[in-house]
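There are two complexes below, and they share chain A, which is joined by chain B in the first and by chain C in the second.
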Partner chain A sequence: MKILVAIKRVADPNVKVRLRSDGSGLDLAAVKMTMNPFDEIAVEEAVRLREAGIASEVVVVSVGPEKATETLRTALAMGADRGLLVRTEATTEPLAVAKALSAVAGEEQPALILLGKQAVDDDCNQTGQMLAAKLGWPQATFASQLTVNGDRATVIREVDGGSQTLALALPAIVTADLRLNEPRYASLPNIMKAKKKPLEERQPSDYGLVIEERLEVVRLEEPPTRAAGIKVKSVAELVERLKTEAGVLA
Partner chain B sequence: MSVLVLAEHGNAQLDEATARAVSAALCLGNDIHVLVAGKGCHDVALAAASLDGVSKVLVAEGESLANQLAEPLADLIVAQSGGYDAIVAASTSTGKNVMPRVAALLDVMQISDVIAIDGPDLFRRPIYAGSIVQTVRSKDPKRVLTIRASAFRPVGQGEAKPIETVEVAPSSSLSTFVANAVAVSERPDLTSARIVVSGGRGMGSADNFETVLAPLADTLGAALGASRAAVDAGYVSNDLQVGQTGKIVAPDLYIACGISGAIQHLAGMKDSKVIVAINKDAEAPIFQVADYGLVADLFEAVPELKGTLASAT
Partner chain C sequence: MIHADDGSLSQEQRMMRDSCRAFVDDAVTPFIRSNWQREWDMSPGERLPRSILEGAETIGVRTLGVPEAYGGVDLERETEVRTFALISEEIARGDSGLADKLVQNWKVSILLREFAPKHLQDKWFPRLLADPQFLLAHCLTEPRGASDRWLPYNVPEAAMHTKAVLKDGHWVINGRKQFISNGFDASLYVVYANTDTSVGMLQGTSSFLVPRDTPGLTVTKCNETMGCRFMNNGELVFEDCRVPADHLLVQNTALGSAGQYFRAGKIIQAAKNLGVGVACFERTADYVQNYVQGGRILIKHQAVALRLADMATRIEAVRALIERASRAVDEGHPDMDVLCNMAKVYASEEIMKVATHALELHGGNGAMLEFGIEKLFRDAAIFLHMDATVDVSRMKIIKTMFPATAGKYAGPEN
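Our next item is the complex of A and B:
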């Protein structure tokens, strides 16, 4: 069984992204880039399925700029077998990415496609669901547990108020939530090994695709920051102020 | 402009998120239809029909819709979508699951987690964990949106509007429902609670959540929340997570205990009316957004706060 994992290169989530001082866009020039954290979880899950003998090959794919090859190398160092970059310097909206991934899936014929549930840059939370629609496959989003058994997968999903268990006929799409696993750090020998693993680069036009934008960004702004309030000295003062000043306690 | 709103419900009861999604839909047009898809959801349809601003309710019932599975629900919404300029759902786990599938089937780029509507094709939404707000103009002929419920005031109740039944086409069962494990809690729902008491890594253990934090929440009639760090550490289940990738809340009062205040957490609670932070680290970033900060050991301050409030009532 082949597993395809889609990953995205994003700004390090530990860095607070700001606007350029002239307001012309995001100031990402000096920001460290990394693999989207939820995609790391997806890669880890795929690698574990191969280590357990359930998957035979793990292919990682990214739709993005040339620099995303670094991100693909990281996934290869974690244990993926082969990488594919569908290279574009354009803004990658989820709909366009889903179309590109759908074309890749048509060639690769995986039994399972894993993605992170959400990229922490645009916070869209769409690509997996859109890819499932384009392929006409079943989907299980926000997975906290995945079990593959023959041509079926059982997924426990994080939902409002608890969890939901679904059974899916493969091929299927699963998007990873936080508790699916804890991704490994790539060891130095594996980082060295990853440099020799195959990494192919393709153009969207190879699939007959144009990466187009449907949303025009007309403005970017930093939301008003909340001013820090006051420090209270005691619990008694806190309660008093919440009652009289803030009026949120009866 | 006519707008189709997907009702959020559990077959028995209409969720308040629906009244908020209707409120957002009214920013787009005045012909608002609500789609109630489920099984045995007649009461939900009645409740939806009495929401202010709604002109009609469509009810679709069937076994395949009983658990809001993405595949049959998306097929149904697409089948109904013909006459509408926009399709709106709240950013609940159901809305986030099904709406992108709908958008892709319609070849539309969805606009996720909208916090403000500035025109028929102009939407504001947070990116980078709320560090930046972008305004986007949709070039698609039809709009598919999920809206952040806490950013829109719920519409009120009005006179009952007509309810129509719609046919459900047989759907290929791509996925099948196995089970739900719903956390049973006497506490109010996190996303609609007036007061939220949240704990972070500083809580130290799952036990402390139950024995130190929960009594304070119960004294206040508050919902219990948590930071991602507390979920990561296994102190509480993920459905209590407040933040960028968890729930977005905006209660009247948010009490953060032992939470350092990473931007990912702030993204989920910074629109609360009043924020209280209790943390022993005076330098914790949470104090930069807190209206009232108390630098103290939470294991002393939280029981004392609980005691003071309990004796006052």
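Our next item is the complex of A and C:
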């Protein structure tokens, strides 16, 4: 069984990002980039299924800029077998990525496609769902547990107020939530070995696609800065302000 | 700034750096910060919990230098020293003692890879790979001298006191080694001993592989140090310690043959030192942007900002010299010996100043054990003399630059 894992290169969530001075977007020129953390979880799950003998091959794919090869290389160092970059310098919106992934799935014929539930840069949480619609495959999003048994998968999903268990017929789409697993580090020996693993680069046109930007960003603004705290003179004043200003006491 | 420029690194180097940093941030730094008392546990074996070395195993950082055929890491040889520098800096940013534990393994693994007969590699590399607690040590220094006496002078009078004699198919080693990194914990040692008293040390020193359980080898104590305390420095005594003849690694020219690895050692030393400096800067930059004094955060006070600028500038200068020196070694540049010593000595003095600023900028907190800044200060201090003192390093720089006129041996001791 082949697993396809889709990954995205994003700004490191531990790094503080700033807006460009003209407000047109984020200034990412000198920002450290990394694999979307939810995608790391998806890669880890796929590699575990291969290690358990359930999957036979793990292919990682990214739709993005040339530098996303580094992100793919990291996935190979985590244990994926083969990488594929569908190269575009355009801003990758969920629908365009879903179309590209659907084309890749047509060629690769995976039994399972794993994705992160969302990318931490735009927080769209749409690609997996759109891909399922394009392919007409069953989907289980926000997975916190995945079991594959023959041509069926069982997924426990995190939903508001509890969990939901779904049974799916393969091929299917599963998107990874935070608690699905704890991804491994790419170890130094595996980083060196990953150099020798195949990593192919394709153009969207190879699949008869044009990556379109359909969304227009109207405005971006920094979060408001937190106002400085104050010192109160007495307990009475504290209680008064908690009632009238903070609204935490009735 | 402060960290290595991504553009100067290869893709693999960046990935390795990222893995090391993630491991340090997830496992090492939280342990060091919340278990500061462990440094003062007087049972050396208990200080660093086994889980830390087991964690290091998940990034495969203990077995650099072990050939890939044995499951180790084969780095790109043309940038090997630069990569060693990068990784040792990252680990030392979490704890310089842990970094020291690991880098000894790399150095000795390279010696085994280059000089040990195949059947001994077949025996020891798998054991090293199998056990996360398996450490290696490199035994040069003796109570009567090392960098202060015999390393700078190639005359018979300055030779090592530890001697090895071939007798009945075995090398018989007698002598004492002290201040040996990993000496207290290691499972396998590379030991240097005099095998020809009539010549200088470069022509008369041999190296041997000595397993810890060899009769006649006694680990006598753990040397308690002011810094780098999570690496257990040890003292060893050899009394008619017999190893089979095939355990000889290099006969007579061991120090010269190992020279290229000592060069890497100086770079690694400087890089670990830099990691301590980076930790000082990160902790301090965070502190002065949060701690309020006189109604505003510290960094808004000009005197504080000036010191922070000085820390950053020194770190960048040290990094620039380490990068130049490591490139020189990787490329086999004729100036590499001088540059290695320069990087090592410069890093030790500059990072000491960086650590002093860190201590000062933390005020009273800087002196508190539980705050962890005084630990960085103690760790920085160790580098002034580990792997050659400041003065000896400078002397070697001038001896190498002016070989005809500088650095004559002052004469026999008696």
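Assume the second predicted complex is superposed on the first by the 232 of 250 C-alpha atoms of A that agree within 3 Å, B and C clash if a C-alpha of one lies under 4 Å from a C-alpha of the other, contacts with A are read in each partner's own complex, and residues count from 1 in each chain.
Assume a contact is a pair of C-beta atoms (placed from the backbone, for glycine too) under 8 Å apart; a residue touches a chain by one contact, two chains touch by 3 or more.
These figures come from a predicted structure and were not determined experimentally.
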item	value
Combined model on chain A: chain C and chain B, fit or clash	fit
Touching partner for A:Asp123 - first (chain B), second (chain C), both, neither	first
Which superposed partner A:Thr74 touches (first chain B, second chain C, both, neither)	second
Chain A: partner with more touched residues, chain B or chain C	B
For chain A as apex, the angle formed with chain B and chain C - C-alpha centres, to the nearest 10 degrees	120
Contacts of A:Phe142 with chain B and chain C, given as first, second, both or neither	first
Which superposed partner A:Arg202 touches (first chain B, second chain C, both, neither)	neither
Closest approach of chain C to chain B (Cα atoms, Å)	5
Residue ranges of chain A touching chain B (in the complex, touch as defined)	11, 13, 16-19, 26, 38, 93-95, 98, 117-118, 120-134, 136-142, 144, 154, 157-169, 172, 177-179, 213-223, 226, 228-232, 234-236, 238-239, 241-242, 246, 248-250
Residues of chain A touching chain C in the complex	32, 34, 69-70, 73-74, 77, 184-192, 194-195
Chain C residues touching chain A - in the complex, by the definition given at the top	6, 11-12, 14-16, 18-19, 22-23, 58-61, 63-64, 68, 71-75, 87
Residues of chain B defined as touching chain A within the complex	67, 69-71, 74, 92-94, 96-105, 107-113, 122, 125-140, 174-183, 189, 191, 195, 220, 228, 231-232, 237-239, 241, 244-245, 247, 252-253, 263-264, 270, 273-276, 287-296, 301, 304-305, 308-309, 312-313
